[in-house]
Amino acid sequence: MEVLRVEGVSKRFGGVYSLQDVSFGVSVGERLAIIGPNGAGKTTLFNVLAGQLSATDGRVYFFGQEITRLPPHRRARLGIARSFQISNLFFNLSVLDNTLLAIQGRRARSFQMFRTIETYGDMFEKAERLLSTTDLWEKRDDLVRNMSHGEQRNLEIILSLASQPKVLLLDEPTAGLTEGESANIFKILSGLGLETTVLFVAHDMDLVLNAADRIIVLHYGHIIAEGTPKEIQADPKVKEVYMGIKQLAYDAATH
Amino acid sequence: MGRAPAYRSKRGRLHKLIEIVPHLVIALLLLFLVPLQPTYIQSLATKILIFAIFAMSLDLLIGYAGIMSLGHAAFFGTAGYAAGILVVRYGVDNVWLGLGFGILLATLVAAVFGIIALQARGIYSILITFALGQLLYSFATKWRSVTNGDYGLWGIPIPALGLSSFEWNGTCYYYFVFLTFLVCYFCLYRLVKSPFGKSLQGIREGESRMRALGYNIWLFKYVAFIIAGMFAGAAGVLYAYHSGIMTPGDLAVANSGFVMLMAIAGGVGTIYGPVIGAALIITIQYYASILTPNRWPLILGGVFVLTIMYARAGVGVYFFKLWKRVLEGWKF
Amino acid sequence: MPVGKLHLNRHTKSDLFAGVEPLVNIFLLNLLNAISYGAILFLLASGFSLIFGVMGVLNLSHGALYMVGAYVGWTIAVANGISFWLGALAGGLVAGLISLVMEAGFFRRLYKQLNEQMLLTFGFVYIIDNLARWIWGPSYRPPFTSPALSGSFDILGSKYPTVRIAIIFIGMVIALGLWWLQDKTRAGAMIRAGMDDKETAMALGINLPLVSTVAFFVGSFIAGFAGVIGAQVMGVYPEMSMTVMLLVLAVIIIGGVGSVQGTLVGAGILGAIDAFGKALFPDYAMFTVYLAMIIVLIIKPSGILGRQI
């Protein structure tokens, strides 16, 4: 059963094509990595999948249902969650408030006007479970803008997990993090079961090669390669795109 | 299957004390001290409480939902006129019916305006709220048969309470307004601490993230708009009975700006802020207009500018933080 | 003076009914009214649009600056009997100077806080309005103009005030000048770049703070200047600042912000609505203006030629 199916998706900004005729499918429980040089269109692809942008051409299917024109909040309700490359948190609210907003997001409960939020103890228990994987539970009353970058990235991921999504789109989850912090993210990801399908964009090749079942390589908006980590590592096209000038110079120097 | 126990905040009792004491003190002052004052002070206090409700309702939009509205007086004025017309032109002598009718009409207007105003984004949304408010203002000026046009709908009495042999006077009406204010304050207090209130704050802080989390932003803003209109309507009715006259100016952008001054000077994003702001602005206006009958808008404008420059969070918030620091320093 | 009423038709009405006039004449005369009124609105709104476009601030005190310009012009041209054109220039300069004070003393300290800056302008309205009332008093100053422009033209058998023709002419000149500035000069390109993407513009070496200050000054100068020009038909009175501000916002809502063309369209439509509205339904003129605003807002919220936000 395919969770996501992307068919012929293109995205144009004025005269520039950010994505061109992108097609692929994702199976349930798969860990799919999207890699490529800067500007290849990875974040644009995520924006099209999550609904922040609408595709110029092509279609997107979620469990066989077409979602191409669905607004972001409807896709979130279906079970598509994402994290953002640049932390998109509520900086003037506390860690706890951030988490609670993520927990109640998909539910009608968010319209409740007559009881204070503290009376919904179950949400707080869930927040504790989520935040205790890091030391954020201790800092739950602190404002997010006072957190370190690593803590903010942690929270960023936690927010996208809070609704127990069916599809998780992680945009550069380990960007700017130290080894230890990245390892923590990796731990969180490994802990996810097969009921959650994960697509992630990353530059960290360690993470990609270890965590991904399959890899898609984007370049100037096209898919230039697709396959298992082993296949991608051996693919000359990928080497060329990543090595680029270095390889040409090497060849020129050694001939 | 038992329900999970309510969450107990880490901050504990000290924080509760910090919050409750000022509320208690002010409530007691309003309850016991004011009625002992001369009539003009009671009248002033009544006016302050009325505008406090008005300003709190605007804060729901500006400080919580993140909607900047320049036409909020439209709901205030509509309710005031509705209540006035009901008693003056139709002789319905019942204060509860007046309140109900006024609030209902204001809510309807808010429901219509909300749909139009929330169509657009950013500056255009602000401009729409302004245009709609002014539209209603010109209605009031032109529809002379109903509203008496520029002369204003005058001679509005406070309708009967429904208790036999009860006559209204300044002090009784003050208590009536005070009670209504307490109800409104309590409702809004609970509202902003509810999941709905928290959702509004999220929308104010980051719309795109809220969308990605599954929130239907438009719906939340619309509901907030209607609720704000409802409370503004309550204030409008109370105002009509208090001042005895409704003029088209009560609907105009000048009045919208006046209440915005209060909300911002007192501190948006809190429920107590606008109350303090209303007290501040109305008191300044009153005494300044006595001291310098012609120069008081200058003073008001000056106060406003100074608040924005040096106490942006609001005077009310500033004092609350001060109080917090005093208490925290004292305990340890 | 009731708020919201501009007595622009004082001259024309009596001329219109002084005899049997074919409908075409009435139409043309009203058209001229529409264009002259539109010209004033254009001058007003273009300054506002420029300021908003470059600085991102809704300068709610723009109408007050218009009024101050008109008062200054009156002081120079009427109270002291000096040249009308000098008065117009002085009106613009004073308005521009006030804008510099606002910018240097206040806006600069609230860098990038657009909401706060807008709220500040709202406070300034109270202050400027009251100061003007203090200095010049509450009474109405009737329309005044340069002696060369008083009197009337003979158009199709009826007399049409020369001042209105002059206003149309001045409006056209400035419109052309602004359009040329916007589309044909480097300064205009810098301004448009700044409107589009501040970060990139600054990264390209455009001194955006300087451009902002200049734009603010120019926009305010035009407002003050327009105040004197408009005073030729409107006169000057204290409630003017609010009335005028509402008109500016109406133009912006209808035509859209950010371009000379948009302001022209908005001013033109508003001028037409007002002139023909006053001729056809004299009682409901203001009402038709608001109705037009609402209609545009429902169909195209960013204004007819406005940039999509």
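Note that the chains take the letters A, B and C in the order they are written out, and that residue 1 is the start of every chain.
Here is the rule we use: a residue touches a chain if its C-beta (ideal position, glycine included) is under 8 Å from a C-beta of that chain, and two chains touch if they have at least 3 such contacts.
Source: prediction; values computed, not measured.
Of all chains, the one whose Cα centroid sits at the greatest distance from that of chain A is C. The chain closest to the protein's centre is B, with centres computed as averages of CA atoms. One finds 50 Å separating the Cα centroids of chain A and chain C. Centroid to centroid, with C-alpha atoms defining each point, chain A and chain B lie 43 Å apart. Work out the mean CA point of chain B and of chain C, and you get 34 Å between them. Shown for chain B are the residues that touch two or more other chains, of which there are none. Residue ranges of chain A in contact with chain B, taken from their complex: 50-52, 71-73, 76-77, 81-82, 84, 88-93, 97, 100-102, 104-106, 109-122, 124-125, 140-141, 159-160, 163.
Contact residues on chain B toward chain C in their complex (touch as defined above): 68, 116, 119-128, 130-132, 134-135, 138-139, 141-142, 150, 252-254, 257, 260-261, 264, 294-295, 297-298, 300-302, 304-305, 308-309, 312. Per the touch definition, chain B reaches chain A in the complex via residues 3-11, 190-191, 193-199, 201-202, 205-206, 208-217, 220, 223.
Those residues of chain C lying in contact with chain B across their complex are 2-4, 52, 58, 106, 109-110, 115-116, 119-120, 122-127, 129-131, 133-134, 242, 246, 249-250, 252-253, 257, 283-284, 286-287, 290-291, 293-294, 297-298, 301-303, 306, 309.
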